[in-house]
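Going by the order they are written in, the chains are A, B, C and D; count residues from 1 in each one.
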Amino acid sequence: MIRFNNDYSRGAHPAILQALADTNAVSYNGYGIDPWCEKAANDIKKYLDCPDAAVHFLIGGTQANFTAIAACLRAYQSVISAQTGHIHAHETGAVEHGGHKILTLPAENGKITAAQVAAEGEAYRSSPIQEHITQPKMVYISFPTEYGTVYTLKELTDLRAACDKYGMYLYIDGARLGYGLAAAGGDVTIRDIARLADIFYIGGTKCGALFGEAMVITNPALKPDFRSFIKQNGAMLAKGWLLGLQFSVLFRDGLYFDITRRAVEQAMELKAAFEKKGVPFFMDSPTNQQFVILTRGQVKALEEKYVFEPDHDVDGEHTCVRFCTSWATLPEEIAALTADIAAL
Amino acid sequence: MIRFNNDYSRGAHPAILQALADTNAVSYNGYGIDPWCEKAANDIKKYLDCPDAAVHFLIGGTQANFTAIAACLRAYQSVISAQTGHIHAHETGAVEHGGHKILTLPAENGKITAAQVAAEGEAYRSSPIQEHITQPKMVYISFPTEYGTVYTLKELTDLRAACDKYGMYLYIDGARLGYGLAAAGGDVTIRDIARLADIFYIGGTKCGALFGEAMVITNPALKPDFRSFIKQNGAMLAKGWLLGLQFSVLFRDGLYFDITRRAVEQAMELKAAFEKKGVPFFMDSPTNQQFVILTRGQVKALEEKYVFEPDHDVDGEHTCVRFCTSWATLPEEIAALTADIAAL
Amino acid sequence: MIRFNNDYSRGAHPAILQALADTNAVSYNGYGIDPWCEKAANDIKKYLDCPDAAVHFLIGGTQANFTAIAACLRAYQSVISAQTGHIHAHETGAVEHGGHKILTLPAENGKITAAQVAAEGEAYRSSPIQEHITQPKMVYISFPTEYGTVYTLKELTDLRAACDKYGMYLYIDGARLGYGLAAAGGDVTIRDIARLADIFYIGGTKCGALFGEAMVITNPALKPDFRSFIKQNGAMLAKGWLLGLQFSVLFRDGLYFDITRRAVEQAMELKAAFEKKGVPFFMDSPTNQQFVILTRGQVKALEEKYVFEPDHDVDGEHTCVRFCTSWATLPEEIAALTADIAAL
Amino acid sequence: MIRFNNDYSRGAHPAILQALADTNAVSYNGYGIDPWCEKAANDIKKYLDCPDAAVHFLIGGTQANFTAIAACLRAYQSVISAQTGHIHAHETGAVEHGGHKILTLPAENGKITAAQVAAEGEAYRSSPIQEHITQPKMVYISFPTEYGTVYTLKELTDLRAACDKYGMYLYIDGARLGYGLAAAGGDVTIRDIARLADIFYIGGTKCGALFGEAMVITNPALKPDFRSFIKQNGAMLAKGWLLGLQFSVLFRDGLYFDITRRAVEQAMELKAAFEKKGVPFFMDSPTNQQFVILTRGQVKALEEKYVFEPDHDVDGEHTCVRFCTSWATLPEEIAALTADIAAL
């Protein structure tokens, strides 16, 4: 079986395994105070053109999200998210477990707009009963979104402006950041992300690492004592250099960008194959996740050789499913699948 | 510099790195539902002689502790711990962040007694104002303790009886379980641990793995929906098979027990060297952590070649420091240090 | 100015003030362990025909809600509510602050349906990724709703059946229970409430008391240690007998039912006056809250003599406002307002 | 039976009941935005000589404490308290339920010292592993303490200096503030309290009100959005004017100070009677709580006519018990008890 069900089904880029092997006998200081974390942070800051950013390495996405939110918000403050946002839909209420309400907005193509955010900000600002409602203080977006779509630079800039107007933080969940930056037709660079967000993370788990996410804080108000939040939230790895080492490899000579760009190119091959076959798309995604609407028969045919993920039933005859490429997808896997799509 | 400062300063046992390399190109299902996690769980259950136990793989110790506590306690229930317990002393208030009070007891040799636990249970049971105080519902102990000492089988059995009498759970933090089971003169087996605790974890991070802790639940009442607690607390690794794989290697042919036993033997060599030199011990530890009281001059002399951890100042002239061996300590490192101790 | 803006703008029924005066010099035991709380609990249980119910007296609605939810749910469990539900819309995220997600459902006439609840239950039960989402374990409804509407006995019975099918608790927020039971055309009795809910509260603050809510627990599984939850959540009044005393007065000879029925009758007079004038209603409410859609001119005219509450803007020319009667509304106040409505 | 078991066993000062009766038919705006709350706040600020203070009215002590702590601390910050402090000993873990660790210090006479606080501050500041421990950010003291003792002005001034040095807030739990300010031989005024604390509350429940505590915030950094914390924590009374009204009465012509001073004078009569009889004291209290060590026989004798509170067993023959006077204690009650003490 060939897996296209997600982008975290294989180990790590071989260069990472090699680095682990090379350093296995070396001893390091623990908890992220080590030369590899320092080097990786510096390398990342260069890519961001953001020398004053704080960079911390956490283990996984859910914990990265609730740790960031804990560090940014006071108890009566809430976070705005698309209804389809990962923090709302797939994290077992971790944000609420941490004490914060999520204000959900209907999403279009997985995205929310500056106008929606401004409306929330205005509603709070003009409320005569502010103390009876939560204060929206953070905007959570994912880039790319849970449906593979991406915000344009204009959309992000507008969100930033709305956040500025209403005193909110912009937090970007970059679990798949590499794929988003490589979006076909996209116009957002990692420097834009760093310039527009107050805090965001660069996903490693889904982009070539065994595990790990690099949290970047550019807003000076959010930097103090962030390590205390990491530790309290169980996100501080004892052997922290394993995270720095991995990101150090990923940001060596732009490897992170190369491997995610290739995965997007592969996804575009799949997309073209589906388009050619007349298979409709649930959303028009320019990144490594492709949501297509298949007939039961097509599902059955493809299930014989491929693993892919059901998203939702469309009607009695059709199902929306996700095909995902990754940094690890092999050319021959794409060749096989495109051929089989053509043969549907 | 040779590091004796802790037992998590080097990567992983070579067999683990080899297994990672061997499986790197294979694709797996995520979130701990994979053949490696299943195999590791089964292997562990055989060692425990506990076929009905639930085994889950988490990433690190602090998150293992607060996740277990969240899963066991209701909001008004508290956990009993030694004042020196890791959850009280070194986890940034993570347990309280999760909503629970820790009832601390003065420890002797890092340990608490059944009598102390019973006194807490009795105090609650006989309190005329129960609703004004928390209900002690869990006893937290570490095996070995934070000072390297171990409970005897009699002590554990008595703690179990006190827990039974007062309706408490016994939770054992086994971050260094391997070293504790190999304690010089110890009489506790891993089957005893499984038989006496309601829930405990087998530490991987400090015992040969890159990272990872195996949570074992033997009390049926604590098993349902434990995965929901794991996910909500950010402790569910996307590439969960990495955890199962590591524990699978560690529990192949008893590797886990062999490498921790060797580390304890090395620690006993250090202990003997210190004893021979007349260096006093802060506590009499039969495991891989040795707390000795050095003069400033001795500290200065040893600091030239070795990294070790200051614990506390004893007086103006003496400091208590920790030397730690691990699964990764080399014979030549022990030889060098014992020689230098002799030469003090 | 005559206040119709809410049902908590005046002190207490005179019989309550009299009882406070009569007992002011008597000394009582604290924290709700006193003869008045015992008597009130017994009186209430008789009205409920539910001798085994547990009855506790809390101070206010928000704290009653989050205390009940804390006592019923585990950390990964969530509560289903209408989007217009008080816990979601007007409690500053108190439920999330307590760690629980609210699953919101679109409401019709302020109400949710058994079918909606069943859909949530089914979605969880059939989810292949249960551990990534919260478990819906409680249904929160208000009776009457925030818009004055009431569930029929059939609707409540269906909700109960859905809860039974999916293992959920039914919790009824009865902040205005008296008004709901007196609903014009309503068919629900307080015995139905007690029979169908697992836990609910009988509102005092809005129904004749200075303050206070009587929490009733009929589900045996939810009774143990409820007082611990009350105390931990700051809802245990030191002079607890003040609560028991008030409810004792309210449930003496059915006073609670009489004064709320009268308020509903007054509201029906207002309703008739608005209807006669052709003023449209936002919702068709059979209880003490009437939401009408006024022109700006009508608002301006009525604002000269009356205080009422803006709910939302309908369009540039119309506003939805709330008129509220209460146990304290005077006949002459109704007479004045109905005359002024007629004169609009 | 005559009750000396606590200071919250009777209703309210008659002037308060009168005020409630006088205003019962008047209608007010809700949630503490009303003329009585405004007036009471202004009156209190005059007594404090602190025109810029923020004054809020909450319902009870436990909720006042956890609300203040929630508003002052970030998640990784802890509060320092005496082991005998009310937040640690008698609030069912409410502070931890709110997410914060309490760092307990051994108390002498119920009090902690500036030196102890400084030691905690220094320990954190100099810690090489700050992110593994909580940051002590608030000092909680009660005035008078749970044992009736009071801090001297010098002690409070020193605590303030320690807080300043280590960047901590000083929070004073004034549940019995009136009695503390009237302490025999005491040198602390309410203006000192306001000048030295960042935030404190003036207790009403135990000092003449039916219920209610006035939270005073003098530190400007702690003022914003405090009402949101009040509402979220269930401490916002719907009929908020009931609180303002009561404090308005209590601070009219110094009534608060008069009635608590009289209670302290009565307690001094009891104290003298016990001293004369040679009954030993557990602590030397200059306020309305007297802890004496009685023989079993003496307990038995006094129990026939009086209710008083057991504190702890001293030995097989002696028990420490509390006698409490209050604003409501009658001269004849004191006369009776002193006579019976003399007759022991």
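In this text, a contact is a pair of C-beta atoms (placed from the backbone, for glycine too) under 8 Å apart; a residue touches a chain by one contact, two chains touch by 3 or more.
Everything numeric here is computed off the predicted structure, so don't read it as measured data.
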item	value
Any chain in contact with chain B as well as chain C	A, D
Fraction-based call for chain D against chain B, same above half, different below	same
Chain located farthest away, centre of chain D as origin (C-alpha)	A
Rounded Å distance, chain A centre to chain C centre (Cα mean)	42
Between chain B and chain D, centroid-to-centroid distance (C-alpha), Å	42
Distance between the centres, which are taken as Cα means, of chain B and chain A, whole angstrom	34
Residues of chain B touching at least two other chains	75-76, 91-93, 97, 99, 131-132, 134, 228, 231-232, 236
Chain D residues touching chain A - in the complex, by the definition given at the top	31, 70, 74-76, 99, 130-132, 134-135, 225, 227-232, 236
Of chain A, residues touching chain C in the complex	75-76, 78, 89-93, 95-102, 129, 131-134
Residues of chain D that touch chain C when the two form their complex	3, 5-6, 8-12, 14, 17, 20-21, 23-30, 59-63, 66-67, 91-94, 97, 205-206, 210-211, 228, 231-239, 242, 328
